[in-house]
Amino acid sequence: MTGNSILSPFNAVKYLFVKPKTIRYPFEPKEPAQRYRGFHVNDWEKCTGCGNCADICPNQAIQMIKMPELESKSGQKNERPRLDYGRCCFCGLCVDICPPGSLKLTRDYFHIHFDPKTFVFIPKDQKTEPGKYMSAEDYSVLKASLSHRKKDYEGFVSDLKFALFEPDRVTMPMIDPDVRKLSFIEQVVGYNPEEAKKEASRCLECRLCEEACPAHLKISDYIQAIYEDKPEESLKKIYEDNPIPSICGRVCMAYCEQACSLSIRGEALSVRWLKRYAADTIKDFITALELKPGTSTGKKIAVIGAGPGGLSVAYFLRLKGHEVNVYDALPGGGGTMRTGPPVYRLPLESIDKDVNYIRSLGVEFIFNTRIGKDVFFEDLLKEYDAVFLGTGNTKSRSTKVKNYEKCELAFDFLSDNKIGKQRKVGKEIIVIGGGNVALDVAREALRLQNIQYPGENIAVKTVSLEDWHEMPATKEEIEEAKEEKIQFNPAWGPKEVVLDNDGNVKGLLCKKVKSVFDKEGRFAPTFYEENEMFLEGDMIIEAVGQAPDFSFIPENLFEKLEFTERKKVKVDEKGMTSIRKVFAGGDIVNVNLDAVTAIADAKVASVGIDAFLSGK
Amino acid sequence: MKNTGQLLKEKLLLSFEDIQAEVSDEHRLTVNCRKDTVITVLSFLNNSGYDHLALISCVDWIKDNVLELVYILTAYAEDKGKAKMNILVKTRITREKPGLHTVIPVFENAEPYERELHELYGIHFMGHPRLTPLFLEREYKIPPFRKDFDTRKYVQEVFDQIPFVEDKKAEK
Amino acid sequence: MDRNNLGKWLKSPGKMGQKYSLHALYFCTGCGIIEIPPSITTRWDAERFGVIPVATPRQANLFLITGYVSVKTLRYIIRSYEQMPEPKFTVGFGSCPINGGMYWDSYNTIKHLDKYIPVDGWIAGCMPRPEAVFVAVTHLWTLIDKGMADGYNKYRANYQYYRENQEKILGKLEWPPLFSKNIKHEEYRTIA
Amino acid sequence: MVMTTILEIIFIILLAGIIGLFFLGLSRKIMARIHWRYGPPITQPLIDIIKLFNQTSMSHGFLFNFGIIFSLAGSVVVLLFLPFGRICPLSDSGGLLVILYLMLIAPLGLALSGGEAANPYTSIGISRKLLLAFGYELPLLLILLTVMTHYNTISIVEIVNKQFQAGWSFQHLSLLLPGIAYILILPAILGFRPFELIQAPQEISSGPMAEYSGKFLALTTIQHAFNIFISISLFTNLFLGGAANPGYFFLKILAVFVIFLFANAVFPRFRIEQAIKYLWRWPSILAFAGLIIVLITGKNF
Amino acid sequence: MRELELYFGPQHLGMVGNFSITLNVEGDRIVKATANPGFLHRGFEKLMEQRTWIQNFPLVCRINVVEPDHMELMYAMAVEKLAGIEVPERARFIRSIYLELARIGSHLFGLWAYANMLGFDTVANWAMYHRDLVLDLFEELTGGRVYHIYIWPGGVRRDFPEGFKDRIINTLHTIGSCVPDYDNTFFNNRVFYKRAKNIGKITCEEAKRMGAVGQVLRATGMKQDIRKTEPYAAYDQVDWEIPVRTDGDAYSRIWVVRDEMIESVHMIFKLLDKMPEGEVYNKIPNPFKWKIPDKDAYVRCESSRGELGLYLVSNGGDKPYRAHFRTPSYNHGLTILEKALENESIADVGNIMISLYITAPEIDR
């Protein structure tokens, strides 16, 4: 092929008569490719302000800017990214790391200006503002700039398959539903170290969870410690804010997981299981944590109720060097945790592990002692420098429909089964309620049925006012219940307990629900009275809510105790009630009826008590 | 049968006493030697057919207070076994007044590499014909590639301190 | 485009000439130069607008600072810029000359080009596509029309400050100052 | 008579300028088409010149300024001796020898001016320019000698007339070799590729022009335009028979120009010694052979 | 004759890239040439030490603007080697196709530079146009025209878009149909032959001694290509030839470039035929928590200018401890160029420099 010629080059002259291949830009437009990496656009509705984009940017081109017009809430920071096109290199790392997928690159790339200050820009999806976004017809290349862009011009967008984070959880090994429903074996097996490390590696360290957590646990830090294979480190971090990890690692409401930025398009990081992993891996808390009670102050504090709130207050105050006595009517610590969650979710050993550790710090527990019966509240007030009320909700509410007294109450049912004598159950059980407690009851009843009537026809049905989407129980719990073949009857309200001629329960007459909440979002159910359904059953358990029991407080003091509109004990910012020396926390104070909120209250109260005692 | 790397390792260990050689990854031979034997090891390897000096690199192990020089050799060969081999000859020198002999007599193309390391790490190569600046315009107190040179701090101290002309005018 | 508007040509031939005969100095200052050959060759053909690369600063009136500027290059940029006849226009390419870009923490690149020489326009992107170069040229036309592309006047007016900044980075410059004293901005306008 | 001559002078200078600039524009356009692109408007060289006159320009001293004027003046004077169709202001005086002599002034002027600008590339460019001129002067001299011998005159006007009278005839066949030789050296005179080595922007930063700015550059551009016009008209007059009217003449030089543009488009540039070698070999041999043939065939007119 | 000191670049039309050569000339002859690099020095390797593993991806490709893709590959390969990440089969094929496209783009750029240097605008324009067509493919595949940031450890960043295979084929056919034009006008042009023959001549021995790689080496008759000797991506899956010439001058080098381009086109067709379906990406660990074990690695590949290597050291942290690129232009530009320029004419400085395929950003880093 090699050769040389003086005439062959003249071949090229033929192109004189061929149409040129130039694109007559800008008179002939050329669209950039579908995936083009141009300027950013950010959907503010979707953006959580997590700041992952700012963290990953190699050029520090992205800064999170506080937006006063936005409000911070769980899983949402009021910050939005600001781009500096004097730094940006259009690599798209920010797009690939964006958990909600709100940050995208568009195919717009024109910004030409004489002022370098105009290259700093807060991207926002302003499709509704016609001034900023132009339709294709109105778009002029020459006018185009950062503040004036084309509509529907998305370029490089996030793709979950190629995202830099891992949207899928490491599946928690669970015992098969058909096996687990036969006994009270703990259903969740727990991560092994590899699984835990892998799951921990998913955390993006955006700390949205820490803000969502009522107790503000340092979640990112302890997960980082698990990732680094240092469970002791992790447990230490947890113990800074939460003294009952074994309990919380199993039954926490996991607000953190709802806030987790990964949950938007994938599955949330299983923060709770990781905490459980940390707590379970460490067999001996005492040597691992190396905590010491503070130097003795000589002050004495009584804590009424050894629930999560009570335990936490005791722990925090003990660390500050106070002497703490905890009273509880039950034979062990844990309060509602001891009686409520069935054994297959929260075994007693786990509770005792946490309680024993707190005891090891020098907190004195006085169990089997009911205030108002064995000890009197007035005496406590005299004897101690401060009293913390963490009694919680101990009474079950009832539906009060016709013949309601034939029904069982959820708390009694659960508590008897867990720490008392196992109940005899029916073959066909109806559970009224759609909350977690109702499902606990239903699933526990199912297990009892399986134990008591092996191989026979059995059934558990639930009736709830709320429809599927409003059901207050967590999704997980509903899923698990479904797996165990619990029958659901959502959007039905109980009308009447039907009795047979012997006065035994025959079934439940239900009516169709029209709506559960009124316009303001308050609980006010309405029904289609004529639309009825009859559920057969020989045992009915009501699980429709709980109430506190203040009978231990003498009349004269109870009068002084102030309550909020929602019938909760009113406390000030230090956790003190309207009675001097008396502090309160947990379910009696909070509308959120869960352990981690109680811990949060306990933290407040412990600081309050400490300040009160030291006279500040 | 022993592969090329193993054979070479044995040959090396026979010829030199105070070196450590290790074959990893099948195609990679790492040789650790003292700084004064580097040149003999390199010429030995050159004569064994590994005649392409791909790179002279330097790693600043500031914790151990040493600079590690890495000579990477490959072969110009059409024989596959040989052409695949990467040989890393490593030697460690002190960080204070670092110096060693140039390898230009063995590999002619070492000249710019050594010049670069002189500039960026402050290593003095004895016998090098021109250790003049190669890349840099400004002078730096610490050679910029050493670990104790903090570029971010340097940028703040130098470039960020220069005012915009508008600001300057407003000042006056 | 008002290239064929004879009235304008008669009214202000200088301005129109500047607009439609932008001779760019060919200087590969940084990686942005990679998009210059496509824009001046077949695919985009900048010569349609009279933009061509020229070999020496004396013949040029448009200086494209294509990308990051290392300290060593800065010296030559200043030299070249000072050699260009007035009126002259500078366009900064991409992120790097605006605020450091990719090399915001490099010890050997300057971060803000406008601290050392005046810049009349900036193009966003890394790198800017040839299309953006075209839009930049049209943008520059507008600026020339409005008399806003007056970086060279600014350079004259603030020469002392610019030179101070330059010497801070480069040390004493080996060539004598271009202007002996600062001419006031307004004053120069009336002279020119 | 004097008035008409003066008018003619002005006319021919303007015309040469316009045609030269048109050719420059056209060359850019045609080159662009071969490059598969559209190219600038045909008026682009004019726009460039307008711009250049509105720029500040840097002078390097008296000789620098003078050289440019000198070279421009040289080109202008040559123009006056060249018939454009039937228009030739100074047809009576001068002839090919004068033209040959005057054509050297332009490069000399630039050399004078460029020498003042102490830029090494300028001096390299000038030495290249002079070498190249040296290279093509030899065949050119031989060619002109052949033509003069053939037509037995040194006046271009007369040569044109004689060709005109003879029309297409075998008498001119003896001029075929010098004609080819002229074609071979014309790119060198025009500064077209493969002889575009005076400016050679990629090699020596546009050589002699490196230091020109503003109006100086404009003047050299105009000079370049004149030069193109002169070289092509000379060829047309000598070998293509000139033309009876300016329009026809214009078409002829246009055709010649476009053909040389093609060569410009499809060749890279030579090195200077290759160029000289080339110029002194083929064109010189051809021209010399032509001369001998003409001498043998004897005077025809 | 008086000896003159001449600065060739950095501001010079014949200079591709920001590079400078100081020439000592006597008349037209070069007595001594001194390369003066550093105009593009950004301290890349230092910057890499300051960025996490993932943040280095946008950075490494910027080392060489002409052909960023092989830089990406190098870093990805080194990281894969250190962290033990596997690459899916389809991703290997995509990588090969992508790299060969890059090679074609880069060679066309080289052709532009070379033709432009010789004042051959026509071919320069054509080559640039065809390169732009390749860039269009890149834009569609990766979202960037010049900096693609496409190869990631564990595969590639996105799969082929719909119908992309056909567009590759179309584009390559468009370019391929112009090969006769290039041959007629450029490669078989007598003036070009005169201009390039016996210019910047290097023998095989000299080339080896001075560390030449790539075309420079292959033009001297040495048949070495890392794609063959140490195959990466999917180069061992298809058959192809190494183009070689024996003269070692600029003319041979440009012909090797041309042959390589054509070989690449054929190779892409073969790769496209054989390409399997499946996954293209194995997820890398969470970038915020990614730490790489305490090890070092040297990887190399055949970039469009020759052997490209990366010596990467990790100390177990979240950032590279040290990275050092072995770039092909380094020895070409700093050792061979100085030798090759001696006793040549000024007119050939650019000619030799570009035929050695020197790109300044690679040298300076």
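Per-chain residue numbering starts at 1, and chain names A, B, C, D and E are given in the order in which the chains are listed.
Here is the rule we go by: contacts are C-beta pairs under 8 Å (C-beta built on N, C-alpha and C of every residue); 3 or more make two chains touch, one makes a residue touch a chain.
Nothing here was measured: the structure is a model prediction, and the numbers come from that model.
Graph distance from chain A to chain E, where chains that touch are one step apart, equals 1. Under the contact definition stated at the top, the chains bordering both chain C and chain E are A, B, D. With every chain reduced to the mean of its CA atoms, the largest distance from chain D is reached by A.
Among the chains in view, E has its Cα centre nearest the centre of the complete protein Cα set.
When the C-beta contacts at D-E and at B-C are tallied, the pair with the greater total is D-E. Of all chains, A has its CA centroid at the greatest distance from the CA centroid of chain C. Taking each chain's centre as the average of its CA atoms, chain A and chain D sit 88 Å apart. Averaging Cα coordinates per chain places chain C and chain D 36 Å apart. Between the CA-based centres of chain B and chain E the separation comes to 23 Å, rounded to the whole angstrom. Averaged C-alpha coordinates give centres for chain B and chain D that are 59 Å from one another. Within chain A, the positions touching two or more other chains are listed as 9, 11-12, 20-22, 24, 32, 58, 89-90.
In chain D, the residues touching two or more other chains are 32, 34-38, 201-202, 205-206, 265-267. Multi-chain contact residues, meaning those touching two or more other chains, occur in chain C at positions 41-43, 45, 48, 54-56, 70, 72, 102, 104-108, 112, 114, 126, 129. You'll find the chains touch as A-C, A-D, A-E, B-C, B-E, C-D, C-E, D-E. Listed in rising order, the residues of chain C touching chain A in the complex are 42-45, 48, 92, 95, 98-102, 104, 112, 114, 119-126, 128-132, 134-136, 138-139, 143, 148-149.
Against chain E, in their complex, chain D makes its touches with residues 31, 34-37, 120-121, 124, 193-194, 196-197, 200-206, 265-274. Remark: chain E residues 4, 6, 12-14, 28, 115-122, 125-126, 129, 185, 189, 191-192, 194-195, 345-350 touch chain D in the complex.
Chain A contributes residues 20-26, 30, 32, 39, 58-61, 84-90, 109-114, 116, 119, 141-142, 144, 146 to its touches with chain C in the complex. Of all the residues in chain C, the ones that touch chain B in their complex are 70-72, 75, 104-108, 110-112, 114-115, 118, 154, 158, 161-162, 164-165, 168-171.
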